[in-house]
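Mind having a look at this structure? Questions to follow.
A, B, C and D are the chain letters, set down in written order, and residue numbers restart from 1 in every chain.
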Amino acid sequence: MPGNSFGRIFRITTAGESHGPSYVVIVDGVPAGLELSEADLKPDLDRRRPGQSKVTTQRDESDEAEILSGVFEGRTTGTPIAIAIQNRDQRSKDYTEIRDKYRPGHADFAFDAKFGFRDYRGGGRSSARETAVRVAAGAIAKKLLRVRYGTSIVGYVKQVGNVVAEIPDPAAVTLERVEANIVRCPDAAAANRMIELIERVRHEGDSIGGIAEIVGTGVPPGWGEPVFDKLKADLGKAMLSLPAVMGVEYGAGFGVATMKGSESNDAIEMREGRVATRSNRHGGMLGGISSGMPIVLRCAVKPTSSIPREQETVTRAGEPTTIAVKGRHDPCLLPRFVPMAEAMMALTLADHALRHEAGKP
Amino acid sequence: MPGNSFGRIFRITTAGESHGPSYVVIVDGVPAGLELSEADLKPDLDRRRPGQSKVTTQRDESDEAEILSGVFEGRTTGTPIAIAIQNRDQRSKDYTEIRDKYRPGHADFAFDAKFGFRDYRGGGRSSARETAVRVAAGAIAKKLLRVRYGTSIVGYVKQVGNVVAEIPDPAAVTLERVEANIVRCPDAAAANRMIELIERVRHEGDSIGGIAEIVGTGVPPGWGEPVFDKLKADLGKAMLSLPAVMGVEYGAGFGVATMKGSESNDAIEMREGRVATRSNRHGGMLGGISSGMPIVLRCAVKPTSSIPREQETVTRAGEPTTIAVKGRHDPCLLPRFVPMAEAMMALTLADHALRHEAGKP
Amino acid sequence: MPGNSFGRIFRITTAGESHGPSYVVIVDGVPAGLELSEADLKPDLDRRRPGQSKVTTQRDESDEAEILSGVFEGRTTGTPIAIAIQNRDQRSKDYTEIRDKYRPGHADFAFDAKFGFRDYRGGGRSSARETAVRVAAGAIAKKLLRVRYGTSIVGYVKQVGNVVAEIPDPAAVTLERVEANIVRCPDAAAANRMIELIERVRHEGDSIGGIAEIVGTGVPPGWGEPVFDKLKADLGKAMLSLPAVMGVEYGAGFGVATMKGSESNDAIEMREGRVATRSNRHGGMLGGISSGMPIVLRCAVKPTSSIPREQETVTRAGEPTTIAVKGRHDPCLLPRFVPMAEAMMALTLADHALRHEAGKP
Amino acid sequence: MPGNSFGRIFRITTAGESHGPSYVVIVDGVPAGLELSEADLKPDLDRRRPGQSKVTTQRDESDEAEILSGVFEGRTTGTPIAIAIQNRDQRSKDYTEIRDKYRPGHADFAFDAKFGFRDYRGGGRSSARETAVRVAAGAIAKKLLRVRYGTSIVGYVKQVGNVVAEIPDPAAVTLERVEANIVRCPDAAAANRMIELIERVRHEGDSIGGIAEIVGTGVPPGWGEPVFDKLKADLGKAMLSLPAVMGVEYGAGFGVATMKGSESNDAIEMREGRVATRSNRHGGMLGGISSGMPIVLRCAVKPTSSIPREQETVTRAGEPTTIAVKGRHDPCLLPRFVPMAEAMMALTLADHALRHEAGKP
């Protein structure tokens, strides 16, 4: 059954696999009149692209997005926007090994169980390369949020291995500070240690996990629905739909387990004429609805599963064997994960912003 | 815009608020021929109901579910099953205080921002009482999963405050062991300490948070979709759609942040003629698709927001004030959270089980 | 797979069967703040109810709708509105015949093919009695349309058998004129001949078909979507989802088959400062979008399938037999069809009205 | 709000406008393992393409579909299939007239009311050229229906102006007979008169309407849902989502208005061991569920709105004017309408076929 769409009003549908001709996304529900061109998509695609620095994969893919519909005379028309990104790197390599052996940490055998067979080249539909078109669509969502609602989204790397960044105020982090270093951590000292750590694990033929934090500011109170389509629930789904995400938390997150109610509740006060909270342990969402405070959430991202180290596995035929996954893989997913997670938050917020417009009292 | 439905094939829609006449759920998509009566719903409703023990709220509500449609001669007909639970406790109390003051930790002011006004009696649509009909629907999903696929779901309390249970093998925990104590923790020693802790915070006029772990066994490989509707994503949304949940993780969860790939990947092997993994750090899902290993996920549940302690807030008119939330509230949400989370896992798995049937190769 | 919901934003989900305890509808997506009580639902339920006149079935069912949620202090809260209608007439009759024999014109054997078995009492889920909750939900949609957009909907009987009403201006027909006679035809002379015809076929143990025309006025230009969710397409689905409807047309309808473009196109002109068309052969919709002119559509309704005359059929076991369907059935469905069709137009227009609000330029 | 998707399980989403770079369709939900290549799409695209004969528009567009994803080693993988059709004919013409004047019979002013502005080149998103990608997707649906269920779909022209074809048995019409003449009418004598009539109206600078009949054979009983998602309702929506369709009827259609129940009901009998009906006035669907008899429905298609004759209209500024629509337009839409309507029936049946698989008893 189809599972390749996300969103209810600002709604994207993606297609494509890592070694097919092209990725495509159709972005439906974008209001008419938004100024838009390929130039709006490029910055985030460049932040996501492989080969951007020594802490990412060294595959050099420059993802060029082409807008195929929905824009006329420089503005959106209210009709669906199709965007394509060609796969340039379709060299016919030898995929015998990953065709015949199940890679640990990957969906290979689950795919075989589901579909009967699979496109085994480079992950096929499961490849993280699919996020390129999400990032392109997310750039439209970001622009809509900024222009129409004054909402901004910034993400950054909060932790890699045991290196934890100090971020005194998540809502004060700027894109400039995030982009000031190749690991996308606004704490410069921590960033240096993260880079060292990533280079070390790479030399060990290994990979390392971490945590990203994504922050939405300028979100007005009232976005989100009270029951199933809580904003936290849809953001959680958005993040967990990204590859390698093993957990999501917002505000005080798992820290609430050891808190008392008197410690966890945020005192309510008036600020600049609006209801606000003194602290933000609630992470900008109460009862599933935005509170007007910054939305702060974190994703746990596992270490890259594809590592050159030898690992135990079985063949499709069920014979025990070992595998060492070749190719140029990210030693740490976090730096390139940041724009993906920003895109998913943007898509979710844009959808709820438009949902909130329908039937407003 | 409507946000009161969950699921694509096994799909529920709920209505009702804490002090209206009734809660109602319509369960659409249940296959024909399943034996069903109100007796199937009662056990889980009793596990969720208020007043069940000294560690829960002392409000005595016995939730009686009535099946209004979709069952004929003791079997489901394939048509929608409507279930109603009457609200017996509609005493006209004095709600002046919560009508006029915003309760910290609650959605009161976000609701006002969204809808213009709200049903202020006992939380209205935001009340956790809404989960009663989810639990009723979840009981149908559980039965379908058991009868049609051999899948079981068990949840339990893993942590309350600083008390952490020892659970050597999540997949081995039985409902009997969970129900052996009032806190629903299968580690009896930890359970006693949890109970003590909960009673202590209650006497302090406070509340305490914790973590629940939910386990699905007998899930065949192949459920879930590769991209947006990943099983982990839909389970994450399911859990985060429950009140008070601040985070969700599965398998190694946030622990992956400090892991290397060689530590995180589970070795693949054959077991009883099927592909399996030696360990289960992947929590039963790879690439968003079930792997055939037990699904293990955890929810962080915040301490009850409604506490008798005085807290700072403002009135609807924006005047600073204080509030001490009266009424009989749970000092710890975890014991009653367990059946709610089980229900949401059951609903999600039943939906994906049926999704997997459509278009099977 | 579930098929018991209609609409995207103003969305209803129904449950219930003719001889179960209750029908239920959950109306999701109604904006907050609309004044609403059971009194708003009663007039249309009375127009739909059996036993209202000599040209309808003589079963005396007074359908009393109870609002179970979503209304507080006389106004909608923006949360789902559940409405229940109890089935009072659950007498245990002898259903042996319709359990064992397939009724011509009914879905009995298609149901058996689909679900394996069926609730054979009075049509079960296929009973036209299900439309009672649609009419209740439609009354909310009508009120929303009137209050929020100034849109009105009136339907009437255009034809019964060979008796065709003269309606010079569909948009000028009022509810009062429709309700002036029991057959709901605003052409009084035709109405009398229709009543005579219906009485005649009833005495013959037979039934008769006809055509209803439904008109929406005060629909602003711009409702509907350009491609799949054309307003004409969603209205068409709405009407064809009603029992016994064999065809739908709007504007010039099937008459276009013999027209030339120069005869079919409506000249465009300015009227009261707005773009309008001189004639309305386009039926108020162009390219699937409302034009601002009255929406005019017609439904072909087949004669009641349940007739006392003996008809050839087979038993569930496949043996040839005959059946004479007993019970008190409508000799002509049209008079009671009018409020059903109005409800479906109201639900469709309310949905598209709210859809149009989301993302307005 | 998005309205560019169709179907629930076999689900398509389209994008593109007549003078943008490309049309795109994403076909989600196609089961894995179906043999598929561009060659499967070509025959129906050729039947739909402009310039195919003297009775269609003389624009010469050869629509070449490229499959961009979802197919590996000649078979579908169960992941979304993206198909693109480039717009070759993007010559920069002078569109001043249709930019500034509203064309009678077109959605121009409704579009302006909805979106604020529009892509005025050749109809933009409203252009019937959008159906090219529907036809491509429909070819996949047809193949799935044939291979997996033994279901076939054939459409033909039943009427043009006053020329009505004699079709003794709709279910016996073959594709070969339909394609035997350029007007796609299996009654050769009527076909000749239709061709004459079309040529005559073309010379008059006019256009002519007609009726197409679409037939589905080999549909097993049990497809469709009892209430809103009746098969007749979804087929009706499918057809009315095509440009120029003013009405849809199935089986006896509008003819039921003058029938009695004893004339309308089809007698039930056993045939080749299966329940069947002696006649097929019910058009293959009862209670919204397929009966196992051939599905027979008809669409009323209006004469082409774009005609060279001068017509009255207004400018965007509201000034009265006249317009004579230039360009090479179809004098009669029917011959090219047939493959479009077949595609929509195929998409609807494929969707319901897969829906029926989920949750089968």
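To be clear about the criterion, a contact is a pair of C-beta atoms (placed from the backbone, for glycine too) under 8 Å apart; a residue touches a chain by one contact, two chains touch by 3 or more.
What you see is a predicted model; the values in this text were computed from it and never measured.
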| item | value |
| --- | --- |
| Any chain that touches chain C and chain A | B, D |
| Most remote chain, CA-based centroid, reference being chain A | C |
| Rounded Å distance between chain A and chain B, as computed from the means of their C-alpha atoms | 26 |
| Gap in Å, rounded to a whole number, between the CA centres of chain D and chain B | 46 |
| Approximate Å spacing (C-alpha centroids) for the pair chain A, chain D | 39 |
| Chain C, residues touching no fewer than two other chains | 1-5, 9, 14, 29, 32-33, 78-79, 114-116, 125, 226, 354-355, 358-359, 361 |
| Touch list for chain C against partner chain A, complex | 9-10, 29-33, 78-79, 226, 354-355, 357-361 |
| In the complex with chain B, residue positions of chain A that touch it | 1-6, 8-9, 14, 102, 104-107, 109-111, 113-116, 125-126, 130, 159-162, 201, 204, 206-211, 220-230, 232-241, 243, 245-270, 273, 275, 277-278, 282-283, 286-292, 300-307, 309, 311-314, 318, 320, 355-356, 358-359, 361 |
| Sites on chain A touched by chain D in the complex | 1-5, 9, 11, 13-17, 20-24, 26, 28-29, 32-33, 66-72, 75, 77-82, 84, 114-119, 124-125, 354, 358 |
